[in-house]
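Heads up, the next two complexes both have subunit A, just with different partners, subunit B and then subunit C.
Presenting the complex of A and B:
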């Protein structure tokens, strides 16, 4: 798993490559914690290169959302495979997270 | 029927799912990737629960895993040495009050993604089935 964080204009984009699961969640959380410490106002997680998410991964994202909302920030997700998106739908987490089909759509919708 | 025993260690989770996915692919090369995704996820959730909740992460306590393919479906049994639990007592993670909770989705996903899920009366052994086509 790799995670890269880039600030593009006013949006902080987290590019995750690989799995978001029980094995990788601790490292992803460390990166997310740095974003939270910076109180980034607009945060996007790009799932284009994410192949797999388990319940630990979902938990990590829920915690990230809670922490960002706690300081008044916004978190969105984008570019999910249909299979991973279906996990958000099954667990009804699609009610908590705004999931955009493409990065451009998500960035524009922050404005 | 393949029977294996693993230590209650985090590495056992991915080893178990890799063994089972490879077993399926050895018998059914054209297994759909979405079906393999579901099986991998549910095996990992079941083994994780067995290690963390069942065996309380005590490395010397084993997790017994067995699996086989019959009538074009995979049958997987995961058993721990814990006192067991009753899945009916788990809160619904999709309820509005629970959506922001960080845990409680593993067993729910197992029920949703597998065709059949059955816990024994003690609640320390789960049997899961899923059609491979």
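Presenting the complex of A and C:
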């Protein structure tokens, strides 16, 4: 798993590559915590290169959302495979997160 | 199309306790995503078989392949990554009475992962939601009904996102309505989360509600494997007797030996 954070204009984008699971979630959380410390107002997680998410990955994202909302920031997700999107639907988390089909759509929707 | 390897394969499994042969050459294939029920009367060997499937017992002879590995040849350290891929729902729920519901569900996550406590706390809510018990995190097991305890046990079995979940008598001791609720829960969780479910039970109503396929055990052997319809319409006299619940038939409930009087006076 790799995670890269880039600021593009006013949006902070986290690019995750690989699986978000019980083994990788602690490292992803460390990166998310750095984003939170920077109190980034507009945050996007790009799932284009994510193969698999388990429930610890979902919980890590929920915690990220909770912490971003605590300082008034916004978190969106984008570019999910149909398999991962259906996982969000089964767990009803698609109602909690804003999920955009593509990065461009997500960035525009922050404005 | 190439047929998928079974997630569980049992080959000629034999086990004795003392002089008593409990399993006499079990052969089974269980496939990914199916709900497979192992049924049979008390003492037929189904719980012993289940304990072999989860690696709690080692066969005297034969092999048990779980997720492609012969677990009968693995040591405890080698078993560890496989155990993280299976969940177990015990007959008596096996909750720790001194822990809250939330602590019981989070136990495998706290023991086997490096996840942050805040993340674990969110996961516990998600796992309890699966079984309809979100909001019960802070209750003690003694404050729950039997059916609720079983649901907490199932929630804990799903804590690590297992590929296979084993259920030992999931409806034993429950009233008919709670039994039906448990059956629906097992089917819903299996299908929604795409897990393979192995259920040991002798509750025929449950068997025909939940099973994709059924194996019937008698005296340590598999007497028949089939779909619900195949088992319901089986011509096998052992299966027919068990399904109909008749006291008369080839299944013996008492040992009939001629040496009774001799043993009294020995």
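The definition used in the following text is that the second predicted complex is superposed on the first by the 111 of 111 C-alpha atoms of A that agree within 3 Å, B and C clash if a C-alpha of one lies under 4 Å from a C-alpha of the other, contacts with A are read in each partner's own complex, and residues count from 1 in each chain.
One rule holds for everything that comes next: contacts are C-beta pairs under 8 Å (C-beta built on N, C-alpha and C of every residue); 3 or more make two chains touch, one makes a residue touch a chain.
Just so you know, these numbers come straight off a predicted model, no measurement behind them.
J.: Following superposition onto subunit A, is the placement of subunit B relative to subunit C best described as a clash or a fit?
T.: clash
J.: Based on the superposed arrangement, let me know which partner A:26 touches: subunit B (first), subunit C (second), both, or neither?
T.: Touch status of A:26: second partner only.
J.: With both complexes superposed on chain A, which partner does A:83 reach: first (subunit B), second (subunit C), both or neither?
T.: first
J.: More residues of subunit A are touched by which chain, subunit B or subunit C?
T.: More residues of subunit A are touched by B.
J.: If you stack the two complexes on chain A, which partner ends up touching A:96: first (subunit B), second (subunit C), both, or neither?
T.: In the superposition, A:96 touches subunit B alone.
J.: Quick one: classify A:17 as touching subunit B (first), subunit C (second), both or neither.
T.: Neither subunit B nor subunit C is touched by A:17.
J.: Considering only the touch criterion stated at the top, classify A:108 as touching first (subunit B), second (subunit C), both, or neither.
T.: neither
J.: For A:63, decide between first (touching subunit B), second (touching subunit C), both and neither.
T.: In the superposition, A:63 contacts both subunit B and subunit C.
J.: Regarding the shared-chain residue A:55, is it in contact with subunit B (first), subunit C (second), both, or neither?
T.: It touches subunit B and subunit C both.
J.: Which listed stretch of subunit C (164-172, 200-208 or 236-244) steric-clashes with subunit B in the superposition?
T.: So the stretch of subunit C that bumps into subunit B is 164-172.
J.: What residues on subunit A does subunit C touch that subunit B touches too?
T.: 21-22, 54-56, 58-59, 62-63, 90-91
J.: For subunit A, which residues are in contact with subunit C within the complex?
T.: Against subunit C, subunit A makes touches at 21-22, 25-26, 29, 54-56, 58-60, 62-63, 90-91.
J.: Applying the document's contact rule, which stretches of subunit A touch subunit B when the two form their complex?
T.: Interface residues on subunit A, with respect to subunit B: 21-23, 52, 54-56, 58-59, 62-63, 66, 83, 87, 90-93, 95-96.
J.: Provide the residue numbers of subunit C that touch subunit A in the complex, in ascending order.
T.: Listed in rising order, the residues of subunit C that touch subunit A are 84, 109, 113-116, 118-120, 122-123, 126-127, 160-161, 192-193.
J.: Going by the contact rule set out above, which residues of subunit B touch subunit A in the complex?
T.: 10, 13-14, 34, 37, 40-41, 44-45, 48, 93-94, 99-103, 105-106, 108-109, 112-113
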